[in-house]
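What follows is a set of structures to go through.
Look for chain A in each of the two complexes below; its partner is chain B in the first and chain C in the second.
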Partner chain A sequence: MNKVMSNKWVIALYVLPSLLLLGGLVYIPIVLTGYYGLMSWDGIGEMTFIGLDNYSRLLQDSTFWLSARHSFLLALFSTLSLIAYLAISLILSARLKGSELLRKIYLIPMLLSSVAIAQLWIKIYDPNNGMLNSLLTFLGVENPPAWLADRSTVLIAIFIAIIWQYAGFYIIIYSAALKGIPYSLIEAARIDGATPFQIAYKIKIPLITGVIKVTIILAIVGSLKYFDLIYVMTGGGPNGASEVIASYMYKEAFGRYNFGYGSAIGFALLVLALLTTWLIQKLTASKDELQY
Partner chain B sequence: MKKIRIVFWSILILVVLINVSPYLWMFINSFKTENEIFQTKIFPSALNFDNYLAVLIEGGFSQNVWNSFVVSTITTIICILIGIPAAYAFARLDFKFKNVMFLLVLFITVFPGIFIISPLFGFLTRIGAIDTYLALILPYVAYFSPLVVWILTSFFRTINPSIEEVAIMDGCGFFQMIGKIIIPLALPGIITVSIIAFTMSWNEFMFALVFTNTQSAQTVPVAIANFSGIHSLNWGQMTTAAIIATLPIIIISLIMQKHIISGLTAGAVKE
Partner chain C sequence: MLGKKSFFLIMLLGLMVVFAACGREDENTNQTSNDVENESVSQDEKVINFMHLWPEGSSRQHHMIVQEIVDEFENDHPGVTVEMEILGNEQYKEKLSVIGASNELPDVGMTWGGGFLDPYVSGNMFANLNDLVTDDFIPGTTDAYTVDDVVYSLPLELNITPVYYNKAIFDQYQLEVPETWDDFKAVVQTLVDHGVTPITLGNRDAWTGSMWYMYLADRIGGPSVLTDAINRDGSFEDPALIQAATEIQELVEMGAFINGFNGIGNDEAKGYFINEQAAMYLMATWDLPEWTTNEDNPQEFRDSVGYFKFPTVEGGAGDIDSYVGGPGVGLFVAEDSDVKEEAKAFVSYFVERWGEMSVINAGVIPATVVDTDGIDLPQMYIDILNDLNEATNLTLYADVQMSASAADVHLNQIQAIFGGEVTPEDFAARHEEALESEE
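For the complex of A and B:
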């Protein structure tokens, strides 16, 4: 068996299709995007080399910085919401009936298409006939906000929809991690007189820090590249109030046919994503991993 | 203990309500007439399938459903076909640069797809694939197969290698061993990744938005997004389209939910 397994041709046969595909359709395009970023190009005509002009324009582009700020706000918001997901998962990890039902229900939003979710929330936020404002009017609120049409409420309205969409994903991950903690540990702590809060804070959370780190990175990188829901719900409007980096890049490249400048925005997005991932890794690097 | 139970159940009920009520509200609305939607009544006076007929037949939405079905099915099959051997190699075989290659694969699972959208658009235009199924299948396979490889690798690692050694010693050929022993043992994993790959292809929006532009190739998410443009005021039909788009996934998820959860957590939790 070892003979077959170390045969170079067999290995190549196994790994090559996958690697060739990724090389051709992902890694070469990554290099090309870097290259386009140095060009002025409308997607069809001749490319002209303009050096770092796209990047100096980027630094002075107030729309870019505004959208970058929104992307970072979303990242911050998503990361903070992890605390709530962790709290819910900890409560659910108490072995009570009903936890399973909740996991089942939580699975639904995360499997739905972002576009359908966007349509759903457009209906919820509709100023006149939406579920939210109907409820607010019923409760006696006069002049409820216009939500997606109002510059001051649009961002928070979208963030809530995104958080609704991803809650299940994180709760399922946390629940699975908590399930992996040996019950004997918790039982021992309980016999020693630890309160449920102490057990959660001193035993459960420290034991799943690795998973928490992964979810923080997923939440931040996911937020920075977020596109679907925002594009469908507002298209970045009203008046740029909900523009994020990805939607701005899409507009530049496929709305105004500035492929060069669009690629430069994309490159900035990639650098930001890699930088924050690296920073998180650095900040959360623990000297000694806890084990059970 | 009693107090905890009360808190637990109130949170549970609240969470269920928050999660389910928007979807239920939309589902109920899809059976209402256009007039009824704007009334305050919660339930329609009679079950009304006009919206479904209008969306599927007059709106041509059934073509989009078909496109999504074909694209997602082919994508899933290719992902599995190239994913199984690659995952097996990463889990069991030793070769140079294995870890580097595995990292290159893993990186794509968190990589922002919008970053490569311009060069891909250029490439697909050059080979004349824009607005065909191929324009979606190629990027989907490239973008979704890494997750398939990742999850399958962790599944293969859970299989005891001695089973394979015994099979080889008993005279089972290498490829026969893969087909008769490895694949059946990893079947739960393969089902999981198939569902995940299918769901991701079914839901993908950004590539589909850019790489297709007529109804002959547009998938369900793009059609729904366009619905707001074309029939901007028809709430009933819009909600119905969204319901039709999500129903297959909800049905799959409820039947297969154990598999999906184990697959989703395999990546993040194990090792």
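For the complex of A and C:
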């Protein structure tokens, strides 16, 4: 068996199908996007080579940097929200009554399509008839904010919807990781007199740091390329107040027919995502991986 | 433990199963495509691919008329079938730009006029339809689809934009239909004082707010000031256009528009009008069925909807019979269609039948002349059709007149001026920048 697996041809045989698929659907389009980024192209007519003009324009484009700022803000928020997800998972893993049911309830947003979630939140945030403002008015708040219409509240309103959307996903990941911790460890700690908080902080969390690191990367990269809720809920408005990199890229390429510039934005997004991933891996690297 | 050979054998077998399955699938698809070819050879079957944007769910009557016309066409033209692909408005727009980019347009499809056409025309993707233009079209309606004297699309609809109002709310506060801008502001003020939302506006979509700005520009500066500014014979820094923007901000400050308009989409805004939570709504005549024939809206509400022409501004150059509006969608034929002749025949057949059926069955005002004698229409339609005959000017929607990227700037600036984020002077300057960079 081992002999077979060390044969280079066999390895190639196994790797080739997915390599071709990945190459055709991911890597070649990435290279093409970089190539289109060097062109002036309306998506339909002739392409003209303009060198790095698109990229130098990108560096001076204040809309791009504003949307990049929004994307990074979203990344920050999603990362911070991981703490809440982790806390919920720790509570759920404590074998409480009904924790199974709760876990299923938290998963529901994941089963809805993004557009449905967006429509739901649009209704909640409706400035006059919406659930949220009706509640606020009922509680005696005068002139509640107009959420999606107001430049100062639109981002946070969308972030909350996004955090709600992904709660189930991360809670499931953390729950699965926490389930993998041998019960004997926890029992031993309990006999030694550790409080539930100490067990969580000193035993459970250190044992799942690997998973936590992965979720941080997932959350940050996912946020940087985030598109769907924002596109449906505000379309990047009002006047660019909720524009993120991906929605800006889409607008340039398919709304304003600047495929070349849109591709350049897409490529910049890729570079930013790669840089951030590398940075996080550097920052979170630890020499000794804990083991049971 | 398996020997090396037997392991390989098993793997090979596995692979063979996989490839065999793929192969079979290929054979199958080959066979079906052969079948189609055989059929087309034997019966000389021609297929016109037709993409339209009226799904059964959201545009039921439109959808039914299209289906009827297609059925009739297929009956009259043996050997030609029409295959339809139907998408909702926004999805349609996006799909068209995506398949346009990969040069896979349907034989016949729908397009908008003005700047929307530009990339397709410069990419030489739409066919010349000059020989299909007849006298039946209302003069000027094909202009929006004409580039360098070539008509690239035949319009199906024509819309003007009146201000709809709720008579019940107006009666309750003894309000008269305003004819001048000062009257209009007095109406707004009265409604605000009584805690009623005067105007509903879905400015998340921004073209809605653009129509308010366009009307003010027309009433203050006359019918050509905005169009001139867009096609660079004039400038957005024209005092009339600056004043129009100032008036918008004044209205916003009065509280004329619904709370949170910049976050509300047009459909939601319309909902406020239908729920009688707002007294006025500026929208094109494509919404006429909502106030007349749509059974989903309560009869009591439909009876209470009236409309008035956008009021004139004292001392302004515009008159009350000038409208914001224009043709909506039109039909194009793809330049590299395999069945171009049949596709053209279909388009002209479609336009003719559409003109006869659309106003009665779907309440759409077609771009061809409608003979109102002897047809049974709700009174509001008759009035609008008469107004249309008296119209002195029709200004095409600003975002349609502009190129895609200037339109994007315009729409963002409309949100900004309504939101009070820019001064009227900056508003004009941004437009100038965007339009100048394209020259």
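Note that in this section the second predicted complex is superposed on the first by the 270 of 292 C-alpha atoms of A that agree within 3 Å, B and C clash if a C-alpha of one lies under 4 Å from a C-alpha of the other, contacts with A are read in each partner's own complex, and residues count from 1 in each chain.
What we mean here is this: a contact is a pair of C-beta atoms (placed from the backbone, for glycine too) under 8 Å apart; a residue touches a chain by one contact, two chains touch by 3 or more.
Since this is a predicted model, take the numbers as computed values, not measurements.
Chemist: After lining both complexes up on chain A, report clash or fit for chain B versus chain C.
Modeler: Pair status: clash.
Chemist: Of the two partners chain B and chain C, which one touches more residues belonging to chain A?
Modeler: B
Chemist: Now for A:45: first (chain B), second (chain C), both, or neither, which partner does it touch?
Modeler: second
Chemist: May I ask you to decide whether A:114 touches chain B, chain C, both, or neither, giving the answer as first, second, both or neither?
Modeler: After superposition on chain A, A:114 lies in contact with chain B alone.
Chemist: In the overlaid three-chain picture, which partner chain does A:221 touch, first (chain B) or second (chain C), both, or neither?
Modeler: first
Chemist: State whether A:234 touches chain B only (first), chain C only (second), both chains, or neither.
Modeler: second
Chemist: Which partner chains sit in contact with A:147 here, chain B, chain C, both or neither? Use first/second/both/neither.
Modeler: It touches chain C, and chain B stays clear.
Chemist: Please work out whether A:254 is in contact with chain B alone, chain C alone, both, or neither, and reply first, second, both or neither.
Modeler: both
Chemist: State which residues of chain A lie in both footprints, the one left by chain B and the one left by chain C.
Modeler: 1, 4, 10, 13, 43, 122, 129, 254, 259
Chemist: Using the touch definition up top, name the residues of chain C that touch chain A in the complex.
Modeler: 1-2, 4, 7-8, 11, 94, 97-98, 100-101, 103, 119-120, 122-123, 125, 197, 203-204, 206, 258-265, 268, 272, 277, 404-405, 408, 412-413, 415-416, 419, 421
Chemist: So in the complex, the part of chain A that touches chain B is made up of which residues?
Modeler: 1, 4-6, 8, 10-11, 13-15, 17-19, 21-22, 24-30, 32-33, 36, 43, 88, 91, 94, 96, 98, 101-109, 111-116, 118-124, 129, 131, 134, 164, 167-169, 172-173, 176-177, 180, 196, 211, 214-215, 217-218, 221-222, 224-225, 227-228, 231-232, 246, 249-250, 253-254, 259, 262-263, 266-267, 269-270, 273, 277
Chemist: Could you pull out which chain A residues touch chain C in their complex?
Modeler: Of all residues in chain A, those touching chain C are 1, 3-4, 10, 13, 42-45, 122, 125-129, 146-151, 154, 234-235, 237-240, 251, 254-259.
Chemist: Which of the residues in chain B come into contact with chain A in the complex?
Modeler: 4-5, 7-9, 11-12, 15-16, 18-23, 25-26, 29, 37-38, 40, 82-83, 85-86, 88-90, 92-95, 101, 104-105, 108, 110-123, 138-139, 141-143, 145-146, 149, 164-165, 168-169, 174, 199, 202-203, 205-206, 209-210, 220-222, 224-225, 227-228, 235, 238-239, 241-242, 245-246, 249-250, 252-254, 257, 260-261, 264-265, 268-269
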